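I've put the structures underneath this note.
Look at the two complexes coming up: chain A is in both, with chain B in one and chain C in the other.
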Partner chain A sequence: MARVQFTRHLSRYFPDLEQNVEVEGNTVAQIVSGLNDRFPGLAAYIVDDQGALRQHVNIFIGNELIRDRKRLGDEVQADDSVYVLQALSGG
Partner chain B sequence: MAIYFSNAQIGLIRRHGAACYPNECCGFLLGATLGNDRVVHAVRPVSNEFDEARQTTRYLIEPKDVWEMEQDARAAGVDILGVYHSHPDHPARPSEFDRTHAWPSFSYLIVSIVNGRPREVYSWLLSESREEFLEERITVQESPMRAGREHSKWR
Partner chain C sequence: MPEKKLYVGTRKGLFIFERNGAGYRLKRSSHLGIPVQNTLFDERTGRLWALLDHGHWGQKLSRSTDDGKTWEEIESPKYPDGEMVNDDTAATMRLIWVAATGSNDQPGRIYLGTEPGGLFRSDNDGESFELVRSLWEHPTRKGWFGGGRDQAAIHSILVDPRNHDRVLVGVSCAGVFETTDAGKTWAARNKGLRADFLPDPASEVGQDPHVVVAAKSDFDTLWQQNHCGIFVSQDGGMNWADVTTDGTANFGFAIAVHEERPQTAWVVPAVSDECRIAVDGKMVVCRTDDYGKTWTEHRKGLPQKDCYDVTFRHALDINGDELAFGTTTGNLFVSADGGESWEGQGNYLPPVYSVHFH
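Let's look at the complex of A and B:
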């Protein structure tokens, strides 16, 4: 199972969210779905209604930023570390 | 609901904004939440990583900078309360771009810089509906964690 770590900001909304969560899935989309099963509502902070990554969120697999922001189809290996991070921007 | 700063912290933000003019500056607000209030323990300037040609109207803090700051804050026993940035030659009010890129519960402090000089400072909170920003009262103290003067804005 892949190990997922989150921006600490999300723990404000999901106090039970652990620092490291192990989730099964072969793609980022499956990982997000698995996370939402365990923490209902979490996916809404990560993806929009169409399942695309929200503008202010970035997901890394290891040190690599995922490429498929629309469908989250990037492959995830069982020993991968996945990071769900904030991108802070404005103008 | 208020956010507490020291004079030195507000001064640092104002100087950072002036130094980056005509580009936007940005940085972190680190501290603790006490009931409905927030106390800023430290201000940490960071590099604006938005495309250089557009830094007059945009800022970006890279995810890796956010991640590293989260680790540092956690080790220090504080939280990232929010971020600050400057509005060169514009009021310290959030833009539509600010709204669409904001996180609920974060404090968004904006300093207006006019002709290179810092002007007013306001802090904003995104509503839970994400449809609007609400003003967050700024309280400036002589030093952190002491009673001090209150300002809805700081000129």
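Let's look at the complex of A and C:
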């Protein structure tokens, strides 16, 4: 199972969010769906209402930014580390 | 006038002010750090709503049953799969800009106005929302465009208290649309408006009302502060009269109308489109008591030097003869005498998006 880590900012809205969540999934979309099962509503913070990665959110697999921000089709291996981070933007 | 609290939505949270003698004091804040675009108080249920515009996490709806002490997040409406803004761009929820309740005999009815131009409706107090397809599928809709926002957006929703089947919406940029058959059909109501930014300024669609309001006592009198001036309709929106002056009462975003005297309205002018700052560095409120034939300027208590504040479209409200407005520079002003004199209630707020008496 992939191990997912999050920006600490998400813990404001999901206080139970652990820092290393193990989730099954072969693609980023499946990982996000699995996360939402564990933490209902979390997916809506990461992706928009059409399922695309939000503009100011980044997901990395290892050190690589995912390429498919629209459908989250990037493949995830069982031993991958996935990072859900916020982009540096705003004020 | 009934004593009400002031709900101030800002770029950095919601601030609730309560009466304190002649003025107001901060009672409570919530959602600190999160942009609160607008609020709605549902008098039927006592619920307070906050429309959140997270910079990172998208549009959220937050609801409180204890006047903002505690909040619950509810699922935001979604644009149905495959809906398009135009031929090239898929529709995604970019902003929930305004909320309105249905009438008292429509329990659970809530409307939301959004960017990219969808009106959403709930009949279960927001547990679920549906896109109002009749407006979304209006033959002109794919020709709507952004004004102030990147894409077209609904900022005004007016439900006629005499007849809840009649609803008007204000859209930037498209104009005013009305249904009189409970949303089965919609008609543009933009005759008499002027869009100086279009090849045909009298175009039926493409107008830019910044906000549209109606007097509670007379829903046939409608006012709008438009991108191109101030307009009033005395026939329910069928025809609009340009009541812009060559002087101060001209460009701006906000407008309020007296609840019992539909001939009386207020605007908070700014220097036009190119600048969007206070006129001559001085804050002013203009008032008419004769349907816009004449306007008077009121400055007492407002900054008259080195002032660059602008008042956004949802940031002016009225409660009897009491008015309040907030500004982009974080100032909050209240008047107890119909706008003739003003008193600052806070000067260090975040940029103010909305001000409502509830």
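Throughout what follows, the second predicted complex is superposed on the first by the 89 of 91 C-alpha atoms of A that agree within 3 Å, B and C clash if a C-alpha of one lies under 4 Å from a C-alpha of the other, contacts with A are read in each partner's own complex, and residues count from 1 in each chain.
Just so we're on the same page, a residue touches a chain if its C-beta (ideal position, glycine included) is under 8 Å from a C-beta of that chain, and two chains touch if they have at least 3 such contacts.
It should be emphasised that the depicted structure is a prediction, and the values quoted were computed from it without experimental measurement.
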For this session: Name the contact category of A:D48: first (chain B only), second (chain C only), both, or neither.
Result: second
For this session: Quick one: classify A:A87 as touching chain B (first), chain C (second), both or neither.
Result: both
Exercise. Of the partners chain B and chain C, which touch A:F60 in the superposed model: first, second, both, neither?
Worked result: first
For this session: Applying the touch criterion given at the start, work out whether A:H9 contacts chain B, chain C, both or neither, answering first, second, both or neither.
Result: both
Exercise. Overlap of the chain B and chain C footprints on chain A, residue-wise?
Worked result: 9, 13, 56, 86-87, 89-90
Problem set entry | Touching residues (chain side chain A, partner chain C) in the complex | 9, 13, 41, 44-45, 48-50, 52, 54, 56-57, 86-87, 89-90
Problem set entry | Contacting residues of chain B [partner chain A, same complex] | 24, 26, 50, 57-64, 66-67, 70, 73-74, 79-80, 83, 85, 94-95, 97-98, 100-103, 105-106, 108
For this session: Using the touch definition up top, name the residues of chain A that touch chain B in the complex.
Result: 7-9, 12-13, 55-56, 58, 60, 65, 83, 85-91
For this session: Give every residue of chain C touching chain A within the complex, in rising order.
Result: 54-58, 60, 73, 75-79, 81, 90-93
